[in-house]
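You will see chain A twice below: alongside chain B first, and alongside chain C after that.
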Partner chain A sequence: MTPQRKSLAKRLVGTNTLWIALVLLLLIAVFGALRPDAVLTVFTLQTTLVETSVLLVLAVGMTFVIITSGIDLSVGSVLVFSGVTSAMTMNSLNGGDATNAGWGVVVVGLLVALASGAAWGLLNGLLIAKAKIPPLIVTLGSFGAALGAGQLISNGSNVSGVPNVLSNNLGTGTTFGVPNLVILAAVVTALGALLLGTTRFGRHTYAIGSNEEAARRVGIGVTRHLMAVYLLAGVLAGLAGFMAMAYFRVASVTGHDTDNLNAIAGVVLGGTSLFGGAGSIVGTIFGVFIPAVLRKGFVIVGVNVYWQPIAVAIVLVAAVWFDQSRRKARDRS
Partner chain B sequence: MSKRTVRTLGLAAAALLLTACGSSGQIGDSGSTSTAKKMVLIPGVAAEPFYISMECGFREAAKSAGYEVDVQAPAKFDAPLQTPIVTGVLANKPAAVLIAPTDDKALAGPMKQLKDAGIKVVEVDTKLQDTSIASATISSNNEQGGEKAAETLAKLVGDKPGSVLVLNTKAGTSTTDARAKGFETAIKKYPNLKYLGQQYTDNEPDQAASKVTATLSANPDLIGVFATNLNTGEGAATGLRNAGKTGAVNLVGFDASPKQVQDLQAGVVQALIAQDPATIGKLGVERAVAAIEGKEVKRDTETDLVAITKADASANEKYFYKQAC
Partner chain C sequence: MQAAEGGGVVRERGVAVADPLLDARDLVKHYGGVEALRGASFTAYAGEVVSLIGDNGAGKSTLVKCLSGVERPDSGTVAFDGRPVELDSPVAARALGIETVFQDLAVAPDLDPAANLFLGRELRKPGVLGWLGVLDKKEMRRRAIGSFDDLGVTLQSIDVPIGSLSGGQRQSVAVARSVVWASKLVFMDEPTAALGVVQRERVLDVIRRVRDQGMAVVLISHNMPEVLAVSDRVEVLRLGKRVARFRAADTTVEELVGAMTGALSQEDAG
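On to the complex of A and B.
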């Protein structure tokens, strides 16, 4: 967003993403130096990527929301709700147990997951953009409601019976050594980056986050656009629910309580401003991987279990502080 | 008018009188004692196979003892959700309440209100730190469960050397900490098994999966994993599947809900340590009846656990948890 054209090198240094990428590389280098035999392996790379795929998809949606200076606390619960509706639909199409169901049923399951996510996203969007209720409150509400609804229809227990064709292909399958779950997450992320970085939709997202009133006055349909952004976050949470179900082979009603915070942390680490108007999907990718690499690295090098959360927290806060002070210095110059 | 009704009316009048006198007290005080032949079970969370199985044992035992039964469960294993249920049950004045407190301190207040109202309180599964409130406590011997897990794992592995890992939930969870402790003590007996220590997972399956694969990177000789509850077991199974190590690394899980039994039979999990929730429910009723009738009550009871492998699964079917009675 600099007015004059600078040299490529200068522009690269000026971007937030470069610095956060360096932090990530530094972490990998440190862990790699400590345990080269265990860290720098295809196995560690594959598993780290797979384990971060679901969170990355959530974080892509969250990036759009935060750039509009909003927040979406409901993504983890929407993920649970979508997984449950999808698994239960697939089960009911197969007489109660979809374990041996075919691709047709899986496609229906995917559509149900996406539609479930879309429904919650639309509800969030309506309440935020039309009823003008603050996003924090709306999504705090849907955070509770979506989880409750998921537990209500699943009767509070995890839903099993996930089709084998789904879990064997999407959940654990690979293509040329790359896990399919990672490919799906990468495609979603690439599409998200294109949408945000190159289209009018993306530019309007930044404009609304910078100054909602100004955006309205220059004729951007702010209400409509905000609804679309929350709808997108909802659909992606639905997709993430479908992916998590394929990965764990069960639609879990517990264990996603902190997904929302993990997604927000990844987005903010990646240089997206909580005040809106600035950020990028590429940054989010690095931001999501930093905590994942830390957690994995600490286990591999054998850091004391009680130190692990403290160390993760220190690196997170330090990375954001570093990024902000660098940005301040840039703004002054 | 039956004698009981007369007595209840008398008590109600006395309570009204007390209120009218303006005696100072606490919310929930009423001065009356309970008389109804009714028993309520308040599990830790609704619709979990463990608590459903406990409910089955409870219903059966309470009915045969001639008590009317009711079950009121919170939607989540959460003290703020369980507290209003306790106070709501208090208003109905049952003779006894069997409860699995979701927090060892936060539930002390509401449960003391039950006791002060003359309702007998029996703790099932979990317990308060304050031991003066309940008449009796029935729980699984979690430490013994951990020991059983270590012994079962050693039996599955045989003489092969290798590393073993424990996946715990959150630091400070008394039940899973006891399981991990029992495992740690018992695994020392097997010199071929190197104990790597425990990893906490925040009770999130994705963290459990990630910690298992990280441990595999660091210790390729990993031969056994003990997952201390349902979520860690699910995550560990996912991590091992991704690593292509299902079956090669022996996974010992805790509890025996239908999905876990399915995984055991499919070879995803090699052994399960099952609690005996139905017996916990049944013994809870027995202790409550003894307390109501003013007999001597055995204060603490620990029920046994059982290790189930694929080979002896059919013989241990009675230990599988139920989704419905």
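On to the complex of A and C.
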């Protein structure tokens, strides 16, 4: 007997992704119905997308990490560190103030940001995969250390002098009405989705999160793969630091303390399991936008914005509870 | 799958007379202060089913782990196809054509049956996409369905994570994975433990079929009637050493149990 293939619709119903997408649509519909004039506008859409772009890039890396059943608490601090090193490098290349610097300096700044992120990611990966220290502890350490290092380098203050060509183009520029920052985030997300969903790298990421010992026994290079995953998360945090700097026109050393938790919340809301082995980038997109839409919606509708974290918390806990009970039901068989 | 080398294996009344395919001698393995193997030897011939039996703690699973590259013995030698080999990783064992069904199955519960069948050996698309690491999921799925069909494995669905399948179906996938990829030898550690009567018969059929293709099958089982029904030979481990060897056709359950418990031993078995 050849096993039957379920229809696409049937397979979709079984996934968290569908439900979380419905929650997002429902939120937009409710806010839209309450204030159609303010919510369903191009401006609101644009600002929501822009404000979420940086977090989305962090969350793409976090999705890979969580699918391996790991965690990365360091992404917000690595973002700060990368922004600071990048901005200071650009300043020193241009006589102390890079405001009027050209594209050459900007490219060097980008490479420095990516390399800074890569360095922290590699350190995380080494300690987790080679030294076998739990990811929670390793990245709690680098969460503190990367922020501390960034503040040491910048003397604890924000670094200004971000090149205008960078801010005017990547930071606030648009292409056919779409903010460039959003385009970059979308490209990164699409590449991440392809890498996770269609390649051997992605398949091994799932396998390691599902059963690390099984992956090892079939000859998957688990140590190397985990290092690559944390490296990827670090590089994306570096890119996020560069994007945030371009948008805010300053490499900020504050305001990123909870980026890690926001990224984790988005990933988990999107149906990626904290137990590893299951999840998707598409889910992460929905998951990241739910808190953003809630915040925006509350502001527009006039609900006290302090309700937002409470609402997010309820959805988050419900999502994890749903995932857990589904797994229990499955493993009982 | 390929036929045994040389074809010089004569199986008369279920006994192979040829050079051994796998010849492990005097393996010792410590876990901390515990001596799991104390100079254990083990032999397997091409084209036979040999059962490895022993009481709990006799060292069966440790021996299989050492011979499939999961663990490294502290001392001892292993010869495969007449040559000394270092089984220092599962990859090294697989390169020799050795596959293993582990007692804990070693499958990825969140992945579907096809993904598990091809785990670590994923097919990639031809051309540039394959070079970029893009998987050929359709082809893997097609071949997986073919393999499951050939082996008589019936699954409710090919699209669900195998964690949601029954224990028996999970086990069938693990067995299928080993026999699809093996070319010389398959270790099966309790392959029928979670199975119902029908599925158990199917796995035993698969074992016989693999044997008839010229491969060696090493079966670990607690089920003595099953051992006698499917094996050509039986080797008995006790307290980390080989204590007896039997031709399945010439022995009885009582004799096997006697060897396992120490009531009976053979001088030349070690």
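Criterion: the second predicted complex is superposed on the first by the 304 of 333 C-alpha atoms of A that agree within 3 Å, B and C clash if a C-alpha of one lies under 4 Å from a C-alpha of the other, contacts with A are read in each partner's own complex, and residues count from 1 in each chain.
FYI, a residue touches a chain if its C-beta (ideal position, glycine included) is under 8 Å from a C-beta of that chain, and two chains touch if they have at least 3 such contacts.
The model shown is predicted, which means the values in this text are computed figures rather than measured ones.
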Note to self: Contacts for A:Ser252 in the overlay, against chain B (first) and chain C (second): which applies, first, second, both or neither?
What the structure shows: first
Next item on the list: Check whether A:Asn94 is in contact with chain B, with chain C, with both or with neither, and answer first, second, both or neither.
Entry: neither
Next item on the list: Could you look at A:Asn169 and tell me whether it touches chain B, chain C, both or neither (first, second, both, neither)?
Entry: neither
Check: Which of the two partners, first being chain B and second being chain C, lies in contact with A:Tyr206: first, second, both, or neither?
Finding: second
Note to self: Tell me the contact category for A:Asn158 with respect to chain B and chain C: first, second, both or neither.
What the structure shows: first
Notebook entry, point to check: Of the partners chain B and chain C, which touch A:Gly277 in the superposed model: first, second, both, neither?
Noted result: second
Next item on the list: With the two complexes superposed on chain A, say which partner A:Gly219 touches: chain B (first), chain C (second), both, or neither.
Entry: second
Notebook entry, point to check: Which partner does A:Ser69 reach: the first (chain B), the second (chain C), both, or neither?
Noted result: neither
Note to self: Show me the chain A residues, by the header's touch rule, that chain B contacts in one structure and chain C contacts in the other.
What the structure shows: none
Item checked: In the complex with chain C, residue positions of chain A that touch it -> 1-6, 11, 198-201, 203, 206-207, 209-211, 213-220, 276-278, 330-331, 333
Margin query: Quick check: in the complex, which residue numbers of chain C touch chain A?
Written below: 70, 89-91, 94, 100, 102, 104-111, 113, 115, 119-122, 124, 132-135, 137, 145, 148-149, 154-161, 163-167
Checklist line | In the complex with chain B, residue positions of chain A that touch it | finding: 35, 38-39, 41, 43-44, 46-48, 50-51, 54-55, 148, 151, 155-158, 160, 171-172, 179, 244, 247-250, 252, 254-258, 292, 295-297, 299-302, 305-306, 308
Note to self: Give the list of chain B residues in touch with chain A in this complex.
What the structure shows: 45-49, 75-76, 171, 197-200, 202-207, 209-211, 213-218, 230-231, 234-235, 237-239, 241-243, 257-259, 262, 323
